[in-house]
């Protein structure tokens, strides 16, 4: 049986921590939704509602400053758990110059790559090989020991060539990549049956020669158990791990979408339940949290969110007149010859192929 | 009663499905959902078995369309955003575009690219890729700027035997309205003088046509009469209409929303200087977006792309030469 | 047990026919190799040596004029079996204007798409979705019944995103696509262990929700049994079929390559054997052919090949001054308004979204 | 004793691996096999654990390089042929190219593209993609034409903090030889006057530099002195050197091997006419490949790309203006 223990963190602490991240994310995302509906956020707002258990578990089990976490579209909870500040979120959504993206990119397209959080591009599947590359580089530098790199992806993104190339490459290189597929049954409006033909995406793992786990993504305890075990195995050198979490997206694709296409019977079935409610019940029942604590956290997080929003709102937006309108870090023209070393480099030896 | 640009695109697809059994639609979320921009709203119900939700597999979506075209069908593929066609790049430029030259069998597919910037869309939902695709032999690249052109040119695109990259501007989707779709037809490959003038020629296409017209209207107050040419099709490029206009005005400004290196405006300027150097009374100029990814923040975005103000500014400089 | 019978074709006829295609291809390819080495062919020459049993079986089991066959780089035998004329090959390699590619494309990049043989582009994996599209179109037109579409691919090409997207799409659409993966253990010089991490690529089938078969690609009888069964299943509506044939490429990647990187032990092992020899032994033992017949065929095919080469060599090359230098079938400028119908089309009804 | 262009590229990679622990090589068949063109021959043995055979996964190859660059390494990725970079297109133009602008973290990767046509290579092993990549903000696009530049510019490419598309010409690989790699360094972004003259300027890059020089040599017999400018880098583009040359000659012909719509030659002509219109005594001209896929047959191929003969012809027309 997998255990939650990862170093010094006990089962109880882990779950409380993951639960807090779920709650914080839910409150933050509710706020983002209202801001969007009030016209205060331009572009789109994409929520992880219903997917917090999976995402928070992952973010909690990863070690900030050591691991890589490449969140995707529905990972507010995982970001929070991994240590991303609420301000990074609100500043990015609200276009503050102080945010990590400085108004140049928005919403969930944020990250701090130098701190182990790549900033996703929109093109689904593209982050898999990037995380593999980060791990590959660490191995080359002798710094990989004990690290893992995790990324999340949806059922829809599993149909991309980038997903396939990335996971296959990670398998060939036997990298400690943890790939969490959140199968929320829809890609935008497209149901699973128009996306893949296997019974469960976890059946893909074997074809890549990697280990695979299926988990009920609405069940925090199950997620904690399975995801920590997968991460443990990746850390221990078992190579890439694929986790397929089944659940339902409890929002529209974005806040512009009312998800009319999700049939009632799917909403009503087991996977349509809200992981927040399940987790609350589970942790209260197991006496890991009390309702009083939850209330207090609710207040505390609402307050934190409020402050993060207020601060980002009052911060200066980027100024096009002071913007550095170059996409390069190199400043051309280069001063004469400084791009080349002072001495003329000559080939080391006889050319091999002459 | 008015018709928007997106209505026109939807209508064209309805017409095509109704009139031509060879046509089918393939793309992400285009069936039940009616497409991210609702360009196919209701069509799956109207035409059962002709409108398909695809997996998130842009490469395979174009591959499928090419195969269907080989078999004599006329698929219309919707990319959810032009930017995602980068995933289908190989199938478009190497499979579809080379097929007729190599085998003698044409590939009549139409790839719809919701293109261009809108507020808050950022680096990956705002791109204008016409200048990329136009570089490849074997593709026709269309950029309608008006409601009627959106309709008629999409109909014509499907009628062409060659692969067509159909660049629709997302900003125009709901902003641009017309009383009705008019019968002012021009063949594909012919540009339109959308606003006559005599002091300078602005060559533009897609959303920039409207920005150019605004700039021209503005300069009218100062007595300047600016001619605006809407290219309509960037490949083939109707250089004759452009040259005729430059012959009248002696001055050329080419305006595009794409990145500034190369692309449509460079092709226009080069063609004009090669073939109509003697017509020019002043150095021809280009105005494009800035050389960075398309920024998210509305303030940055507004300064990233050409606007009526920056077009006016460029025109004043040109007129003062 | 699968049977070879496919309609009226008996087991014996099938095998003799496949064997003849193998032999014809081998003789043709030997000739191409000499022409290349004599400097008579520009560009590259890519042989299917060692892979004839798989390829010929496939081509023999498919029905010309009804099925689609998208051959790849090592499918001379399959092409021959499917009915491609030797002249199509020699004319393309030698750049004759009479060939299907008219000197515009060369070597294995040839086809007759209108006759069910797509002309491959170089980019590996790209043909899978094209074949899917051809089948998809036939279904839309009500012409799919009883058709299959087959394509071949290498172990290396299984790492492409195009392969993944194509086969997944075919699975979602449940198309009668037969995908034959010739795992010849190398992609150019790259061994399997740098290409994928699963034990056998056939393990991928399940993850796509399709049926998979593994076969010894050096064994004509095994190939005939497995491939005809897979085709039968595809024809019968069981959806895509994946066949992974294990074998060894018995040539260099192209004729410029001496394959120094293939270790001796791999050449010596079971899959290093020559399928031609195995097939000869098998058919002679089963008294399906006699050595005399084989000798006669050898002479006959050598003669056919000789004539196909001689004819292509004496034919005119393309003439750049008479070449139609346009990549479009449309001739611009279009005459005024003829690209549009004579009557002004008006939208049928009220716009739905206004 | 001589050094070929491909030797220089191999040498540069050896130097880089030796001098910079951040460098590693990733690509198809580059380890044991030493690469399809032997650009990495022997390097896997010399530098164990630094040269890797990749799966046939161009998209993931670039993704991996981007990830490694984030971690501080300097990967060099070999595409087996430039044409196959179409599979990595999205990772190059959207992931690598936008990263610095978006996050402030530069992506110092070098993508080596064996480019251009050679006899019998056909539509998919002959492409010149510099004009495609140069359209995207955030990329540096280099096109060395000489043995020494092949060496020094590859060293410089890896030193740059930005993603570099390094277009090597396959035709030059073994055909172009030098006595040795010389110390005639120029910084990236600076063009070189490779042959001085006074009657007309030919701007070229990569293999076309040599065709242009041959054409110039030929016209010398008739008394024409043609200046040939080797751009070296197509983005950034050293317009100052080009303008200075045109100021001397008054005439411009831009020559490229890529497809004729847009691309490098259009950018050159547009920049010159925008900024140096008054310098021109004749309409600037372009000469590119034809607007079809690159044909397989040597006779077609020779007529598809610019040659000394066609360059001479274009120059005579230009000189006669």
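Lettered A, B, C and D in written order, each chain numbered from 1.
Here is the rule we use: a contact is a pair of C-beta atoms (placed from the backbone, for glycine too) under 8 Å apart; a residue touches a chain by one contact, two chains touch by 3 or more.
As the structure is a prediction and not an experimental result, all values here were calculated from the model.
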Intersection of contact partners for chain C and chain D: A, B
Per Cα centroids, the chain farthest from chain C: A
Centre distance in Å when chain A and chain C are each reduced to the mean of their C-alpha atoms: 42
Length of the line joining the C-alpha centres of chain B and chain D, rounded to whole Å: 30
Multi-partner residues of chain D (each touching 2 or more other chains): 54-55, 57, 59, 83, 86-87, 90, 94, 97-98, 101-102, 123-124, 137-138, 290-293
Set of chain A residues in contact with two or more other chains: 101, 104-105, 109, 121-123, 159-162, 165, 168-169, 172, 194-196, 326-327
In the complex, chain C residues that touch chain A: 159-165, 168-169, 171-172, 174, 193-199, 201, 203-210, 239
Parts of chain D lying in touch with chain C, wherever the complex brings them together: 28-29, 32-33, 36, 53-57, 59, 81, 83-84, 86-87, 119-125, 290-293, 295-300, 302-304
Complex interface listing, chain B residues touching chain D: 83, 86-87, 89-90, 93-94, 97-98, 101-102, 123-124, 131-132, 134-138, 235, 237, 258-259, 261-267, 269-270, 273-275, 277-278, 280, 282-286, 290-293
Chain D to chain A touching residues, read off their complex: 1-4, 6-8, 10-11, 14-15, 18, 24, 38, 41-42, 49-50, 54-55, 57-73, 75, 90-91, 94-95, 97-106, 137-138, 140, 151-152, 155-156, 159-162, 180-183, 185-190, 236, 238
Chain A - residues contacting chain D, complex: 100-102, 104-105, 109, 111-114, 118-119, 121-123, 126-138, 140-141, 161-162, 165-166, 168-169, 172, 326-330, 332-341, 344-354
